[in-house]
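Listed after this line are the structures, all set down as structure tokens.
Below, subunit A partners subunit B and then partners subunit C, in two separate complexes.
So, the complex of A and B:
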């Protein structure tokens, strides 16, 4: 209404009008939403309030951990394989491989295959989860980084150590020989042990030493035996006399 | 993995690297990674005269990396509480300083 009432009066040429209409044209308060000036529109969009994301209420989504605990079929297959390996083989050595080439690996595999030792690779995660559930849980810290398993049915430690000595990149960490976990030094000392037959013979000879000596003495000539016994009695009596003197 | 970053390790100023650790301890991961990086083909090719000597112990000792440089200096990295990337960055900064010293010495001559 003010706009319609504003009129420019120019009665004579050269005269300034009495009223100058400042507000004219568009209204500020409208029934529809007035389009904003472009700069104001930009400013409003840049400074728009973005509320922080609210967490979902407890119990809205199922837990993710249950999904992770289930093993996928490949892991189960590898674990089955591992179980059979641990059951059948007497020697399982863990070796760290630090940058050996394919040629060196091939040569090593060939050398070990001649003695019946197989070289196997298993993923560390699967290995660790398998060992956690089995009785070999103390081997779990060995499996970090690039590890190789040397498996054999017979504990052929000397041949394994000789082939590892020649290869520069393979480092023996530990071994499980006949269900006993050994460190690297333990494996070396195991290799220096004599064979079972020799050890058994030594044990038997140690136990039967005294009885065999007695049997040999009794089998000698009776005159020698009586002379030995007389000497023994003399020694005992001479030992008994000084002890009685010391007591008094 | 931080060990396989684009920055390669150059062993030109290094004479010998000795790594000793006990594999049954739980704090040896970073030391073993460091050893695998140092023993890799690329890094060894930068200096064929440099020896990398790993030692496996079983005495509950802490993992230690000892680096001997050509001018006799030694750098000891105790890997029990260090990350592999931290060890690598410390080693590389020392190597870079040594190389700079060598360059300056060569330029003076």
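So, the complex of A and C:
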């Protein structure tokens, strides 16, 4: 069957169709450039060389990254000041100032000065760059917006909070009291803490409670002591009897 | 006598006055002539270069020594594609490299030989042939003959040259600047495009092409499409296109193709 089919397709013996059905008028190597078949033209254009995109010339666009620039002398001065502030003061509170007037500010400063708290203003950028290099780097998120610094050598938190309560525009953000960062609530709870002496006294009294009680009892009249002891024995026996009853 | 002397002296003084006027124009009292220190480049050291005995290009015969010359078929594929032989430097430093395919006949070879032998200095330079003498017979029928009547008689012999083949190599105790002028003069007269290269410049040229291949942004390559016979494109391509990947068209090299 295949042979008969082949016979139909190939009428003449030894006849094969041409493998290339492309017409050409000249040989493949010519003195002129042979005109390309349209499909070959398309292929050449599809597979042409595409160079990599050229970078923009230097200076065409402004720089995106903010390079680390050297500090100008004013910044260096401010940083020196800051360093001394952080070293000397025990309490550094960050307060947000939302539009207080000059007289309000003056009154606040006067009130705080009576308790030894100074009000300081520093630029935020300088503050942040200073904190980045120091140990207080976690304070950096506090310094956003209009901030004022309350500095004092002694941690006078109660007085500060009372003056801030009266002022309308000042809002406490956080504080660094004795090298511990506190939030606003933390500052409030710190203020409610009793003083160190009181706490020490309480601790001592708690430890010596039992001994002091026994000493007091022994100092009383001996009749009272015997009555107490009898009562104690009765209680012991009464406790023992119900326990035995419960057991049975 | 006295009058002559006076005239001579007068002439001399006139000259001096003229010179003085010139000096006034130069304004030497205003210009500050500073003496600088010129730094010179260190000239290259050719002490390790050994020049051969025969430095000039040898004479090349017009035809090979055949007892009986045989006619050959046209065989144009000896022009097609890149060269695989004589495509690198051997002893010399500079060379004329073919940038296309073609046939060199005895006239071209004589021109090269005579120009280079005349213009080069045999004390410092030497030149070598990198191409054979004509060996391929080319036939031609007489003028005005009609088609038919058998193949024509051998007219001349030629040397086939492919793209990238070295024609002449030059070396010695010279730099490119001295030799380039002579070699470009020769290269421009050849029947195909030719260029003068030094070792470094040829390496740079080849590297440039390699870089082009590397950083081509086009995701479609000629090789990929032809190897896979995408869209049946091999119907309109020749088998040589598989080897050359679209960089050659007949005897021409397409430098913008990658």
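Following the convention adopted for this analysis, the second predicted complex is superposed on the first by the 141 of 248 C-alpha atoms of A that agree within 3 Å, B and C clash if a C-alpha of one lies under 4 Å from a C-alpha of the other, contacts with A are read in each partner's own complex, and residues count from 1 in each chain.
Everything that follows uses one rule, which is that a contact is a pair of C-beta atoms (placed from the backbone, for glycine too) under 8 Å apart; a residue touches a chain by one contact, two chains touch by 3 or more.
As the structure is a prediction and not an experimental result, all values here were calculated from the model.
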Touching partner for A:30 - first (subunit B), second (subunit C), both, neither: second
Subunit B versus subunit C as contact partner of A:40, first or second or both or neither: second
Touched partner set for A:171, first subunit B, second subunit C, both or neither: first
Subunit B versus subunit C as contact partner of A:207, first or second or both or neither: neither
Partner chain(s) touched by A:51 [first = subunit B, second = subunit C, both, neither]: second
Touching partner for A:217 - first (subunit B), second (subunit C), both, neither: neither
Touched partner set for A:183, first subunit B, second subunit C, both or neither: first
Subunit C-facing residues of subunit A, complex: 20-22, 27-30, 33-34, 36-37, 39-40, 43-44, 46-53
For the subunit A and subunit B complex, residues of the former touching the latter: 96, 98-99, 101, 138, 141-142, 144-146, 169, 171-174, 183-186
Subunit A partner contacts - residues on subunit B that touch it in the complex: 23-26, 28-29, 32-33, 35-36, 38-41, 44, 54, 56-58
Subunit A-facing residues of subunit C, complex: 76-77, 79-80, 101, 212, 215-218, 220-222, 225, 231, 233, 235-238, 240, 246, 249-252, 256-258
